[in-house]
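Take a look at these structures.
Here subunit A shows up in two complexes: once beside subunit B, once beside subunit C.
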Partner chain A sequence: MIKKKICMLGTSAVGKTSLVRRYVQGFFSEQYLTTIGVKIDKKTVDLDGQALTLVLWDLNGEDPFQRVAASYLRGAAGFLLVADGTRRLTLEGALRLHERLHDALEGVPGVLVLNKADLTASWAIEPARIEALQREGWTVRRTSAKTGMGVEEAFEHLARRLLAP
Partner chain B sequence: MDADDRTREAEDRAAREAAMAELRSLLLGPEQQTLDDLRRRLDDPALRAEDVGAVLAEAFAIAQRDVHLAEALAPTVEQALHRSVQRDPEPVADALFPVMGPAIRRAITHALKGVMQSFNQALEHSLSWRSLRWRLEAWRTGRPFAEVVLQHTLAYRVEQVFLIHRETGLPLQHVVAAEVPTQDADLVSGMLSAIQRFLQDSFRMEEDDRLESLEMGDLTVWIEPGPQAVLACVIRGLPPSELRETMQEIVEAVHRQYGRVLAGFDGDEETMAGSRPLLERALLVQYTEAPRSGRWAWGVLLLLLLAGAVWITQAVRQHQRWDAFRAAVAAEPGLVLLRAEPSGRPPHVEGLRDPLARDPAQLLQAAGVSPDGVVMRWVPFQSADSALVLRRAVQVLQPPPDVTLRLRGTTLYAEGEAPPGWMASARMLARVLPGVSTLDTTGLTTPAERRLRELQARIEAVQVRFSGRTTRLAPGQDAVLRDLAEALTALDATAREAGRGVVVTVTGHTDATASAEVNRQVSRQRAERVVAALRRAGLRVSNTTPGLRIEVQGVGADHPARPERTPDDQAANRRVSFDVRFSDTSIPH
Partner chain C sequence: MDHPPLPASWSERVLAALDYAVLEPRPDGTFRLCGRMPDWLRAFLPDSAAAGPLDLAAASLFLEHFLVDARAFWASGAPGPLGSGPWTETDRRGREWVLEATALSVDGRALLLVGFPQVDFHRTQQLVQAARVQAVQYHRTLEEIARRDVLLHCIVHDLKNPLAGLKGSLDLLRAGLEGETRLQEPAALELVAIGLRQAEKMQALIETIQEAFAGEIDGLVPSAQSPEQAPDAAAVVRDVVAGLLPEARLKALTVDTRLPPGPVPVVGDAARLERMLYNLLTNALRFAPAGSTVTVGVRGEAEAATLYVEDEGPGVPPEQQPRLFRKFARGNEQPGHVGLGLYFCRITAENWGGQIGYEDRPGGGARFWVRLPRPTPR
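And now, the complex of A and B:
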């Protein structure tokens, strides 16, 4: 059995924990997030007959009052950078966070997740912006933790990249 | 630089090398050849392998004094064995065969010892006053009994051991003590790593500062860091300091054996599968009380086995007794067993019982089961069994002592001598007897009838003799006539009593010496003479019906007593005989 450490990154209230909750059956209380800043879950996926366990480190959202501890990223095999698609600032905040943690995440594959895709009426990320991000090398996925749309696919995409030679 | 310069430079270099070679030859002399040989050997891999092979055995012999060689070789040997088994398991199986038997026996012995110790503890925890106190404590505090026992007897126990990859926080190996509930090793390992980093970040600790211990209640987590992996032991109770040394040894051993694997760890837990025995060395346990000798447990076990054997024997015997009782009831007329439950509390029996049947309690007693304490409920019924029908007929009809009753099918046969009154009542009662359709009384007789038959036989046996060819009675006939008169008088009285008419024919006979006419006259006279003599002897005849009537006749020589060949034959034929006939041939029944 192969196991990989995955980190969930993003600013506050973008839906990281909701995405994890949608994806896995939780074990620890979410109070851990507010105490030590991280909650750990796991999910085993089957990729073409290859079992892979994703150990998900759901890190607290970064905001002016608390910063994501870079030490939590050590040993990460991949990450999901999560932003709220209805709040453009969260996307910029996520990208700034990624930039700040560049040293810890260098060479680590990641997926940029634009969450809350079910709120189409208030969607704030222009297609041009997404295309620009893709040109920069980002893999972008639209998800909805509320409906489940795109959640499995985002994780699976990352998992496949982790197993790619 | 032109071509001439380059030529000159080459010539100078060649001259210098020649000078150096000459200098070396002068300085080293014969050693030069040796050095050249050594260089050639070092440059040639085949020669190098040959050299190593020559000293390898000696090198191993020297190095085996140090444990590091075994640890360094272990992964290679394991890999070689693994590949060999994958290719063809038979050679390894053949090699292991001689050691498998002893190993299995040792494992079984070890397991039995463990079972015995557990049994000993279980007995101690079940039967002692202390266990009662602990049960009370468990009941009072609402905690499981096992937890209370553990609290009182356990010094410490390492319940789980985690080997965690320091960089990723992923579990490399995880072992758990028996009967300990486990958590998800992936998540626990991750959270332990997260806590460690949280503390380092929060309190700005140095990278080398490590969290070494966590405590909560009677649980302690001891953490022993290594360069690549961290060992964490979850301990219940108070661990001794020696455990920390054991943990350090394990961490060192892990790094020695798996250093390269740990450095390149990519999340594949299979690469660390062989580290399990190392971690199991830390699954230590110590009780506050040394386990006691197993003798007591063996003794109790023996007693329990004996008690079990006695109980089984008694149960089998009791079962057999009840089977005998069931068979006895089945064979007994008038008893129908509906239910017998020997294991009931109390045991009970239910069935149907004819009041004339044997007491079931006697059958139970005869089978060896004490009826005391057995609840019996027998519902009365009338059985159609022939034995009980006959018994009931005897009980109801109450035949006189001389009457015998027999039952064939549904016909009841009465035989013997009975008063007419009993016969009449028997006929009436027989109609209402269950199981009896007919009462056959043809085999019955009355006392008067019997008396009449006796008198008949007595009278008809009498022959009165005469002298010569006369009508004079032969000498000695008086006594015969007196006896005959008495018999006839009794016959008259009995006939009247029985309501019967009786005719006694007195027949005179002669020999054949005279003519038939004479004989007829003489024979009649002889009969009349006898009747007259009987009257003189006291005969009183009522000549009524019922009652006795006498008729007289003479038959001459027509019915001789025997053929006349001699004078004696003639004398025997000169006689009077008596024939008794009842006017009603059917004796009233």
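And now, the complex of A and C:
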């Protein structure tokens, strides 16, 4: 059985834990319970007949109160860089975090996830910004941990990239 | 006074009381448990593993990772313990535990302690979380300020045109009155009418802005109404259509009104319902091609009523449809159209427990609808 480690990265309260919960347990909670340290989950998926166990490392958010320890990233096969689509600063924060962890993430494939897509009325990321990020080479996905929209797709897109030769 | 020294077994009992597992690595990568097995550790191990050497890397995905660091630490002979930081992991039965591991060397012997974090995890979590909730609110405020900035820019822009028109009319009037130009009475009246129309435009814009922002606050005010106070949707349609007929005539538009015979009471209040319909209908008049037909109607059902406005214009392009009812999306700052009207319609309808929507009109054009609940007798 192939096992791959995936890290959830981003600033605080963008929905990293909620995305994992939606993906692994299939439900959503409005309540915010911040993650301290790291929370570990796993899920086995079947990709075209190939069984793959994803070990999901849901890390604490990067902000002035806590930093993401680079040592947690060792052995990571992929990452989801998560931002809250209703708060532009979280996108810049996510990109800064990615920059800071550059050495640990060198060559590791990732997907940039703009979460909370259900909150259309307060959506703050313009299409032009997304296009620019795509031109920089980011794979960008819009998700909602609340409705489930795009969640499975984002994880599985990454999983396929991990299996690709 | 001086106590006699504690027996050696005491330290073991202290660790057991703290529910710590004290483990010693073996050359084959497994661990030997010193002392009692804590319940939480048992919950991570397969039933068969209770007695012999423990395969911690197989029992916990986190320890599998941490032991790599721990082994490097033991091999290095570095001073001081190596802490893992708290982690959360689910045991074999699905129960979640918050744990912490510490690697240390005592007299050259490698030891691993695993147990519950000694900092008050929940208190720390509460504090950090409180700070983070504040940060989220701060972000929201920044977004709101940014949005209002652009909004303000658009409002100023949209007020400028009618204001220029108004000033132009007044300038011409003054020139006439002062005798600089010859101005007949009908022409003067025409100038006054133009000026008034511009002033009304500004007034309507300001009212929409006020209502849009008031609507956000009024969202909390219950709008449940008794059937006696409920506005009649059909009467509102008739009034609004009558008021806008002159504008329709200017473009040679036909306004086709389709109403059921009797009154159609709905939840809401008449003034806002009028404003909502006014917004929808002026949009339709703006986009309808000259000479075409605009249809306005009400359809009553048992529990709700639907008001709709259709035009034969170009319709809304699919890529714009998801943003239609938002307060003013950035990058959408077309002058002459603040983009608050539909937002106002949406929050008003939603405050009343209703819904608003758009669909392409079959055969081309736009179709906006508002579905409002019928008032229920108490």
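The rule is simple: the second predicted complex is superposed on the first by the 153 of 165 C-alpha atoms of A that agree within 3 Å, B and C clash if a C-alpha of one lies under 4 Å from a C-alpha of the other, contacts with A are read in each partner's own complex, and residues count from 1 in each chain.
Quick note on the criterion: a contact is a pair of C-beta atoms (placed from the backbone, for glycine too) under 8 Å apart; a residue touches a chain by one contact, two chains touch by 3 or more.
In this text the structure is predicted, and so the values were computed from the model without any measurement.
Aligning the two structures on subunit A places subunit B and subunit C in clashing positions.
After overlaying the two complexes on the shared chain, residue contacts for A:Val38 are found with subunit B and with subunit C alike. Within the superposed three-chain model, A:Met1 lies in touch with subunit B and out of touch with subunit C [touch as defined at top]. Of the two partner chains, neither subunit B nor subunit C is touched by A:Thr147. Touch criterion not met for A:Gln134: it reaches neither subunit B nor subunit C.
Of the two partner chains placed by the overlay, only subunit B lies in contact with A:Ala77; subunit C stays clear of it.
In the superposition on chain A, the chain among subunit B and subunit C reaching more residues of subunit A is C. In the superposition on chain A, A:Ser12 makes contact with subunit C only, not with subunit B.
Of the two partner chains, subunit C is the only one touched by A:Arg87; subunit B is not.
Contact with both subunit B and subunit C is seen for A:Val55 once the two complexes are overlaid on the shared chain. By the touch criterion stated above, A:Phe65 is placed in contact with subunit C alone, subunit B being left untouched.
Overlap of the subunit B and subunit C interfaces on subunit A: residues 32, 36-38, 40-42, 55, 69, 71-72, 74-75.
Residues 1-5, 27-28, 32, 36-38, 40-42, 53, 55, 57, 69, 71-72, 74-77 of subunit A are the ones that touch subunit B when the two sit in their complex. Chain contact summary for the complex, subunit B toward subunit A: residues 165, 167-171, 184, 186-187, 190-191, 194-195, 197-198, 200-201, 266-270. In the complex of the two chains, the subunit A residues touching subunit C come out as 12-13, 32-42, 55, 61, 63-66, 69, 71-72, 74-75, 84, 86-90, 120-124, 126-128.
Residues 61-62, 65, 68-69, 85-90, 121, 124-125, 128-129, 131-133, 135-136, 139-140, 142-143, 146, 322-323, 325-327, 329-331 of subunit C are the ones that touch subunit A when the two sit in their complex.
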